[in-house]
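Got a structure for you, questions after.
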Amino acid sequence: MFADYTWAELGSIFAMQGFSGLILFSVLLLMALGLAIIFGQMGVINMAHGEFMILGAYITYLTSNFFSTFLPELFGIYFFIAIIFAFIGTFLLGAFVEWSLIRHLYKRPLDTLLATWGLSLILQQLYRTIFGTREVGVSLPDWMMGSYSLTDAIEIPINGMIVMGITLFITVGVYLFLQKSRKGKQSRAVVQNRAMAGAVGINTASVDRFTFALGCGIAGIAGATFTMIGSTGPTSGQLYIVDTFLVVVFGGAASLLGTVASAFSIGQAQSILEFFLSGSMAKVLTLLVVIVILMLRPQGLFSLKVRR
Amino acid sequence: MYQQKDFVLSVEGLTVSFDGFKAVNDVSFYIEEQEIRVIIGPNGAGKTTILDLICGKTKSTEGSIKFKGKELTKLKEHEIVHAGVGRKFQNPSIYEDLTVFENLELSYPRGKKVFGALTFNRDQEVIDKVNEIAEMIFLEELLLSKASLLSHGQKQWLEIGMLLIQDPELLMLDEPVAGMSVSERKQTAALLQKITKDRSVLVIEHDMHFVEEIADRVTVMHQGKVLSEGSMEHVQSDPKVIEVYLGH
Amino acid sequence: MNKNTSPITMRRKLLKALFTLPAAVALAGTSFISTAYAAEANTTGLAVTDSTVKVGILHSVTGTMAISETGSVQAEKLAIEQINEMGGVLGRKIEYIQEDGASDWPTFAEKAKKLLVNDKVAAVFGCWTSASRKAALPVFEQYNGMLFYPTFYEGLEESPNVIYTGQEATQQILESLNWVVREKGAKKFFLLGSDYIWPRTSNKIARKHIEKLGLKVVGEEYYPLGHTQFNSVINKIKLKKPDVIFLDVVGGSNVAFYKQLKAAGIDMTKEKPLVLTISVTEDEILGIGGENIVGAYASMKYFQSLPNDNNQKFVAAFKKMWGDKIVIGDVTQAAYLGPWIWKAAVEKAGSFDIDAIKKTLPGIEIPFAPEGYVKVHDNHHLWSKSRIGHAKADGQFDVVYESKELIEPNPFPKGYQ
Amino acid sequence: MLQSKFKSLTPRNDVLSFIVLAIVLMVLLPILFDIFRLNLIGKYLTFAFVAIGLVLSWGLGGILSLGQGVFFGIGGYAMAMFLKLEASTPENTAIQSTPGIPDFMDWNQLTALPWFWEPFHSFTFTVVAIIVVPAIFAYIIGAAMFKRRVGGVYFAIITQAIAAIMTILIIGQQGYTGGVNGITDLRTLLGWDIRTDSAKYVLYFVNAFLLLAVLVVAQYIRKSKLGRLLVAMRDSEDRVRFSGYDVSNFKIFIFCIAGIFSSIGGAMFTLQVGFMSPSLIGIVPSIEMVIFAAVGGNLSIIGAVYGALLVNWAKTILSESYPEIWLFAMGALFIAVVMAFPKGLAGLYETYIQPKVDKQLDKWFKKEKAE
C-alpha cells in the first residue's frame, strides 16, 4: 500500500500515526484514571463512571454558554475554568453518591455494580429531562480546535495536545497525591488494611468518601476534556464503559503504573491495527488480544506477587 | 543426622520469595510416622508459609517437598489432598451457610468429581461416618445447626473434624487452640492426642503450655530459617532461641 | 428483478383482491360523501368512531436513539394537530397513542403489535432505524397495519404495509456523486461509514456508481457504532489524498469524527478534500457544532433553509409549536409528510380501511410539502428531488444544488447490488 | 437422619412454590390474558431461563457473568438460522440474484450459503447445537478463567468484554449474520406457521413447560451435593480446595449449565418473537438479565422467574404509560433491591409470607393426621 509514496511522505504519516497512538493513549488513560482509583483502590465497580464523565461534559456546556453570553471577552480561556467546575460538580455528586449508596455496599462489590447501574439509568434520564434528548454542541474557542503545522506534512491537532497535557497533569497529580500527601497516604492505608487504619486513628469513612469523590471528580475532568473530541448526549457515557474497565483490569487493578502501561499498550495496538486493518476488525482484534492476555495473566500487566 | 528411613514428609532446601523477599529460606526438616511436630517462632517467621507450601497454596521457588516419596511441589491442591495431606487454617475456615452435618459430609472422601457430586447419595455409610466424627469433635448435638451459629472454639473443632473425615496421613494444623477458652483447650489437647494415633501431625502454635503438652519434637523458625530443632527441653535451652525470644 | 414474479407478492395480491372486494362494494355508494359513517368508513374493526380516529406514534423516547427520533415525533404531532384544525380526516379528529420503542428492536415489534391488535389504530407513524423497521415489519404485514416510515434508508425493501417517506439510498447518493464529479471535478473518493447495513449498502452503491463513472475509490472503512477515535483513519485519508470524503458515519461517532477532522488541520471550506455526507442533517449539527462542520456538503432532499413558501409556513408552525431554538432536519420533514399522505389516501378511498388505502396510496400527491411537490410511487416510496446543502457556521445549510426533476425511487437498483 | 435426607431434597416449601408457579404459568396467566399479552409474557419467560442460570452460577456459585446475553444469542441465533433457512426456499426468494439463500446475504452479494450455515438445514442439528455450542463456549471461557483462578469482578468484566466483542462481530459481519438488523421475518417451523395466534398459544405452553423442566433440573442441582459445594465455595473456596475438590471444574460445570439454560431461553425467544438481533446480546441486555435474577432474589431459582416477569412487566407498563420517566423507576428499582432487599422478592416472601404459609400448612397437615 505504500508503493506510491515518497519516503518523506511516509515518514510524516508515521510520525502522525505515532501521535494518534499517543492521543488515544491519553484518552484511554484519562478515562481510566478515575476508575482506577475507585475500582482499583476501593474495589467498587462503578458502572455510572460514564455518566459522571458526561456530567463533566454538560458542566462544560453550561459554562461555555455562560461565558459566551456574559463574558464573551474571556471565552478564549473558559475551557480551563469549565474543567475546574466539572471537577467540583462531579466531586460533589460523587461524595453524595458515596454517602447515600456506596458506603453501604463495601462488603458486596458485585452489588455495587447493580446499584451503580441503576444510578446510571437515573442519571441518563436526568440529563435527558434537563438537557433534552439531543446531543448538545459544546462550542470551543477556535484556537483549541485548530492544528499546528510542524512541517508541511505533519500537522499536530491542538486538541490532542491539550488532552495529552491534561492527562499528564492529572496522572502526575494523582500519583503525587497518593504517594506524598497525607490524605493520599491515608487512602492507601485504608486500602491495604481497613481495620488497622481505623485503629491508628484514620477516619476511614471520610477517607472512603474522599477517594470515591476524587475518582468521580477525575471522571468529570475527563468528560470535560472529551468535549473537544467527542459527543455530549444523555447516553454518550455508555460509549466509554467497556474500554474503561478493560484498561483498568488489563493494567492490574491496584496499580497506577499498570493503568498507564495498559492504556499505552491498548492505545498503540489499536491505533496501529486501525491503520492497517478496517476499523471494526481493529477494535475486535484489540479486545480479543486483551482478553487472551488477561486469560494468560489474570492479575493484569502489573501486579505484585503477594502472599494470599 | 537423619537416615532415609520412614519419613512421612521430607522438606529439603525449601525456599520461596515474594518480590525478592525470602519468606522461607532454605528450610529442611523431616517428619516421622506418627510424630507430632510443632513449629514455633515469632510473627513473620514463615510458619504459615511453610504450611501453604506443603499443601500447594503457595508455589515454592526452590527446594523439594516429598510426601511418602512423592514430590508435592508439582501437584495441585486437590491432588495433594488426595495424596493424604490435610490442612486446617489459622482462622476457622468452614462453610457458614451450611449445617454442621453438611460441612462434614462435603469432606467425606467420595463424590469429589463433578458428576460424582451430582449423583452423590447420602447413604447410611455416610451418615454413620459423619455421626462418628461429630461425636469425636463434641458436636453430635449440633449436627443440624447452621455452622455460622457455632462458637469460635466449636468452629475450630468442626474444621478439624472435616479433616478427620478425610482420614489424612499428614494432618497440618495452624494454631488449633487460638481463641479458645481454657476448658476448650483441654478438650482440644485430648482430641489431638486421640486423633494422632494413626497419623503424623504438623502443628503451628504459640501457646507454649499447649506445645509442651502435645509435641514430640519442636522446630523453631526465625526470619524464614530453621533456628533450632529437637525436643522441647532441647529447644528451650538453645541459646539462639533464647536470644530471639528474649534478646530484644 | 421483477417484483411481480414473486409468489408472495402474487399471493398477497390475491388476498388483497379478496379482502378489498367487500370493502369496495360497501364504499361504492358513499365515496362521494365527504363524511362517511363509522360503520361504512371502517370495515375491519379499526378504532374509528363517528367523531374520532386513533393512530399510533411509535418512536424511541428513551435510549440511544431518542436523540434522533425526537424530531420525528414532534413533526408527526404537528401534522396531526394541523389536520385536526382543518377538520380532521373524513370529519374525524385524529387521536394519537404514543408508544416508546426504547431504542430496542424487540420493543418496537411488541409495541407495534400492541398498537395494531389492542388499540386497533388506523395507521402508525414511526420507526427510525432500519433494525426497528425490520423488527416491526412482520407485525405490520401479519396484522395488516400501515406504517409511515420517515428515515432515509438503504432500500432493498418494498412492503405493501409501509410507506417510505424518506429517500432510499440511490435517490440520495447518485445525484450527489454526479454533482461533485461535474461541478468539482472529483476523481478519487474515500468512503467512510459506521459499521452497519445502511452505510455498507450506501457505500456499495456509491462505489459501483463511482466505478461506472470510471473514477476511483481509494479507501473504504467502517467503524463500530459509537466509536469515538478517528485519528488513525484521518491519517489514512491524508495518506490517500482523496478528492472527496464520502461519509455515512452516524450518532456520537459523527460528532467525534468532525471534531477530530477539524483538529487534524483539514479545513473543509478549502474543499481539499471535499467532504460529502449523507448522514448529517441540521439535527446532527446541533451536537457537532456548526463551527466544526462548516464547509461540508450534505446530500438530502430537504433543508430547513429551503426558500419556498410551503417551507416558510412549515418552519414557522414548527417553531411556534416546539420553540424558537428548534432545528428541522430531513427526517423531521419526512415524518411530517406521513400524516398528510395518510389523510389524502383515506379521503381518496373514503375509508380508513387498510386495504382500501393500499389501493389509493400510490399516486397520492402532496403539493404543499415543505420540500416541494412529492408523489407516492407504486413501490410505496416517494418521488422527490435531490438537493445538496453547504454547511454554514450557524448550523444551517445553503442549498447549492437541486435536481431539476423528481428522482424516481428505486429500492432494488439494478447494477448497484 | 434419613428423614433429613428426604427433607433436604424436596423441602415442603420448594414443592409448594413450584406447584404454585406451575399453576400460575400453565393455568392462571393463559386464562387472565389475551394472546397478545400472553405472547409478551412468553417473551419475559425466555429471560427467566437466563435468570435461573444466573441464580445457579452467581447466587449459588458466586460467579457473576455479565455476558449471559452471548449464550442467549447463541441459542437465539441457532434457532433463527434454522428458521431463516426454512423461510428462504428458492421459491420464496425467487426475486433475489441468488435464490435460496437468506435475503440479507443476497443484499450483501453472497452467492452461496456460508459453510457454517449449512448444518442448520437440519432441525436435529439445530436442537443439538442449542445445547452443545453454549456448553462448549462456556467450557472454553470457564476453563481459561477458572483454572487460572480468575474470579469475581475480573470474571464479570471479562465476560462483559466478550459480550461487546460478540456484538461488534455480528454487526460487522452482516453478510453472514444479518448485521445490526438481526435475522428477521421468520415464518415457519417445520412447515408450521409460528406467526398465527394458535401457534403462539402452543409456543407459550411449550416455553412454560420447558421453563418448569429447567426449574426441576436447577432444583436437582441445587439440592445435590454439588449445590452444597457451590455454597461452600462461596463461603470458603480454599477449604473446598483443601478438602480435595478441583474447584475450577465445579465452576466450569455450573457456568456451562447457566450457558445452556440461557441458550434454551434464546431459542424460545426467537420462536416466540419471530426474530433475533444483536441488541439482545450486548452489554445492556446482559446486565438487565443479571438484574432479573437480583430482583427475584439471587438465591432463589423460582424467584428468578418472578423477577424476570416483574421487571419486564414493569418495563412494559411504565414505558406505555410514562415513557419519559420509566428509566427513573427502573433505576430506583435496582437501587432499592440492592440496598433494601438484597434477597429480592424471594427474601420478602421468606420474611413476611412464608411463616404464615408454614403455620397454615402445619395446621392443615395436623388436621389430616388427626382425621
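The letters A, B, C and D name the chains in turn, as written, and every chain counts its residues from 1.
Heads up, the rule we're going with is that a residue touches a chain if its C-beta (ideal position, glycine included) is under 8 Å from a C-beta of that chain, and two chains touch if they have at least 3 such contacts.
Computed from a prediction, not measured in an experiment: that's the story for all the values here.
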{"item": "Pair exhibiting more inter-chain C-beta contacts, A-D or A-C", "value": "A-C"}
{"item": "Centre-most chain [mean C-alpha coordinates]", "value": "D"}
{"item": "Chain of greatest Cα-centre distance to subunit D", "value": "B"}
{"item": "Subunit A-subunit D separation of Cα centroids, rounded to whole Å", "value": "34"}
{"item": "Chain centre separation (subunit A, subunit C; CA means) in Å", "value": "37"}
{"item": "Centre-to-centre distance between subunit D and subunit B (centres being mean Cα positions), rounded to whole Å", "value": "44"}
{"item": "Inter-chain centre distance, subunit A versus subunit B - centres from mean C-alpha coordinates, in Å", "value": "48"}
{"item": "Touching two or more other chains - residues of subunit D", "value": "168, 171-172, 324, 327"}
{"item": "Subunit C, residues touching no fewer than two other chains", "value": "61-62, 195, 222, 224"}
{"item": "Contacts with two or more other chains, residues of subunit B listed in rising order", "value": "57"}
{"item": "Sites on subunit C touched by subunit A in the complex", "value": "61-64, 66-67, 70, 195, 221-224, 226-229, 231-236, 238-239, 251-256, 259-260, 262-265, 283, 285-292"}
{"item": "Complex contact set, residues of subunit A against subunit C", "value": "5, 9, 13, 16-17, 19-20, 23-24, 27, 125, 128, 132-140, 142, 145-147, 149, 155, 157-160, 226, 228-236, 238-240, 270-271, 274-275, 278-280, 282-283"}
{"item": "Subunit B residues within the subunit D interface of the complex", "value": "55, 57, 76-78, 81-82, 86-87, 89, 93-98, 101-103, 105-107, 109, 111-114, 117-120, 122, 124, 127, 131, 144, 159, 162, 166"}
{"item": "Residue numbers on subunit C that touch subunit D, as the complex places them", "value": "1-3, 5-8, 61-62, 98-100, 102, 104-107, 109-111, 113-114, 117-118, 129-131, 134-135, 137-138, 142, 156, 195-197, 200-201, 204, 222, 224-225, 412, 417"}
{"item": "Residue numbers on subunit D that touch subunit B, as the complex places them", "value": "1-2, 4-5, 8, 221, 224-226, 228-229, 231-232, 234-236, 238-247, 249-250, 253"}
